[in-house]
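Here chain A shows up in two complexes: once beside chain B, once beside chain C.
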Partner chain A sequence: MAKSEIQNRIRRLRFDHGEMTQQQLADKARVTRQTIIAIEAGKYAPSLPLAFRIAAAFGLPLEEVFQYTANGDAPPDD
Partner chain B sequence: MNREQKRAWALVVGMSLALLFVIIAGLLHLLDVGWSRPFVCAAAVALGAGVIACLRVKPDTGAVTSDERDKEIEKSAYLAGFGAVYLFVIVVSFAPIAILGEDGSIPVKYMPGLLLGAGLCQAYAMSIATLVKYGRGGDRHE
Partner chain C sequence: MNRLQKMARFNLIAWAVILVLGAVFVALAAANVGAGDVARQLPGVMKMWLLATLAVMVSSECWAKRQQPSRVEFDERDRIIQIRALHCGILALLGVFLWMTWLLAPSEGLVSFWIPVLLGSAAMAGNLVYSTAILIQYGRGGTDGEK
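Presenting the complex of A and B:
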């Protein structure tokens, strides 16, 4: 399966934010936990409003949570 | 696994079993072995059980039970259902000619059955599409 062009650092950020659970993030972003799982796994590209809500849940700008890579390569993780 | 997945599983299992029993009944009838009626009854029971199980799935709990991804998957499922009905209509339009020949005829009493067939076809395709889009099972807990 081709990698998504939208990469994200949600998993890392969750653990950096007090080991936030997927359910807690889902509640903050007003989506189901399944959707958070799908986004984390790169199986679903969120809409722009949802991407902003997820970024807001971490208190970070959008580009620090989601990255666009033209060829689907994973961005360097810090 | 969410409510839609559970409903889709119930329908897919029930309808698949029903289809299997109908095929067996048809073969037994064609081969003139007898015993086809119990298989038709079993198919009806399997289909009924699937529909009842589908209707009895409890609603999801939690603050958010549906979001943009669920709506997108629902749209895909409806599209798959529409495609399946379209395919069904094409097949049943040409199947009598292919089987009976150009001069063949079928009793009009079978015509209302096409509506039921199209409905079942749509439900099956929608359930399959739902399971494909969501994935077959549950998800990781963290």
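Presenting the complex of A and C:
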């Protein structure tokens, strides 16, 4: 499957936030753990409301969690 | 594995069992009373088939009940997957219905004798494609990267 144009730093951010589990993030964002797994893997691009809920779960603005890349390349990780 | 996947898997397993048992039943009946008599009973069998389709769909809903009410078990991604699968299922249902109509209805028109066969086959095809499409969209084995 082709990589999504929407890249994200969810995996990195989970570990930065006290090694938050996928289930904990799923509960906060009100989705299933499978959806978090799919988003992390770049297999699913979330809706705008869900993207905002995930960003809110980390207490960060949307653009610090999700990045748009026109050709699907991974953004530089800090 | 979430609720939708469990329902789809249940559907496919139930249909596999029904098809195998149905094939065995028809083979035994053909051996005992002759293939001609079995063919005449086919619409009756297909009525049972229609009932079996409904039974499988209803029981899969009941079987895949919520396990942890506090957790989200159906979200936007599941909805998208279900809608796509539903489109595939409806297409299969219509496709099989039209194909069977063309097959069973020569120029003089469709004999009412075959209507249960048509409906039963279409319902089964729709259900099988719907369930398969769900499992395919969730990924290999339905685990989607879970460890």
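Just so it is clear, the second predicted complex is superposed on the first by the 78 of 78 C-alpha atoms of A that agree within 3 Å, B and C clash if a C-alpha of one lies under 4 Å from a C-alpha of the other, contacts with A are read in each partner's own complex, and residues count from 1 in each chain.
In the analysis below, contacts are C-beta pairs under 8 Å (C-beta built on N, C-alpha and C of every residue); 3 or more make two chains touch, one makes a residue touch a chain.
Because the structure is predicted, anything quoted here is derived from the model rather than measured.
The superposed arrangement places chain B and chain C in clashing positions on chain A.
Of the two partner chains, both chain B and chain C are touched by A:44. Contacts of A:21 after superposition: chain B is touched, whereas chain C is not reached. When the two structures are aligned on the shared chain, A:56 is found in touch with neither chain B nor chain C. Look at A:6: by the touch rule set out above, it reaches neither chain B nor chain C. Where the contact sets of chain A with chain B and with chain C meet, they give residues 26-27, 30-35, 37-38, 44, 46-47, 50. On the chain A side of its complex with chain B, the touching residues are 21-22, 26-27, 30-35, 37-38, 44, 46-47, 50.
In the complex of the two chains, the chain B residues touching chain A come out as 2, 60, 62-70, 134, 139-140, 142.
Across the complex, chain A is touched by residues 2, 71-78, 138, 144-146 of chain C. Residue ranges of chain A in contact with chain C, taken from their complex: 26-27, 30-35, 37-38, 41, 43-44, 46-47, 50.
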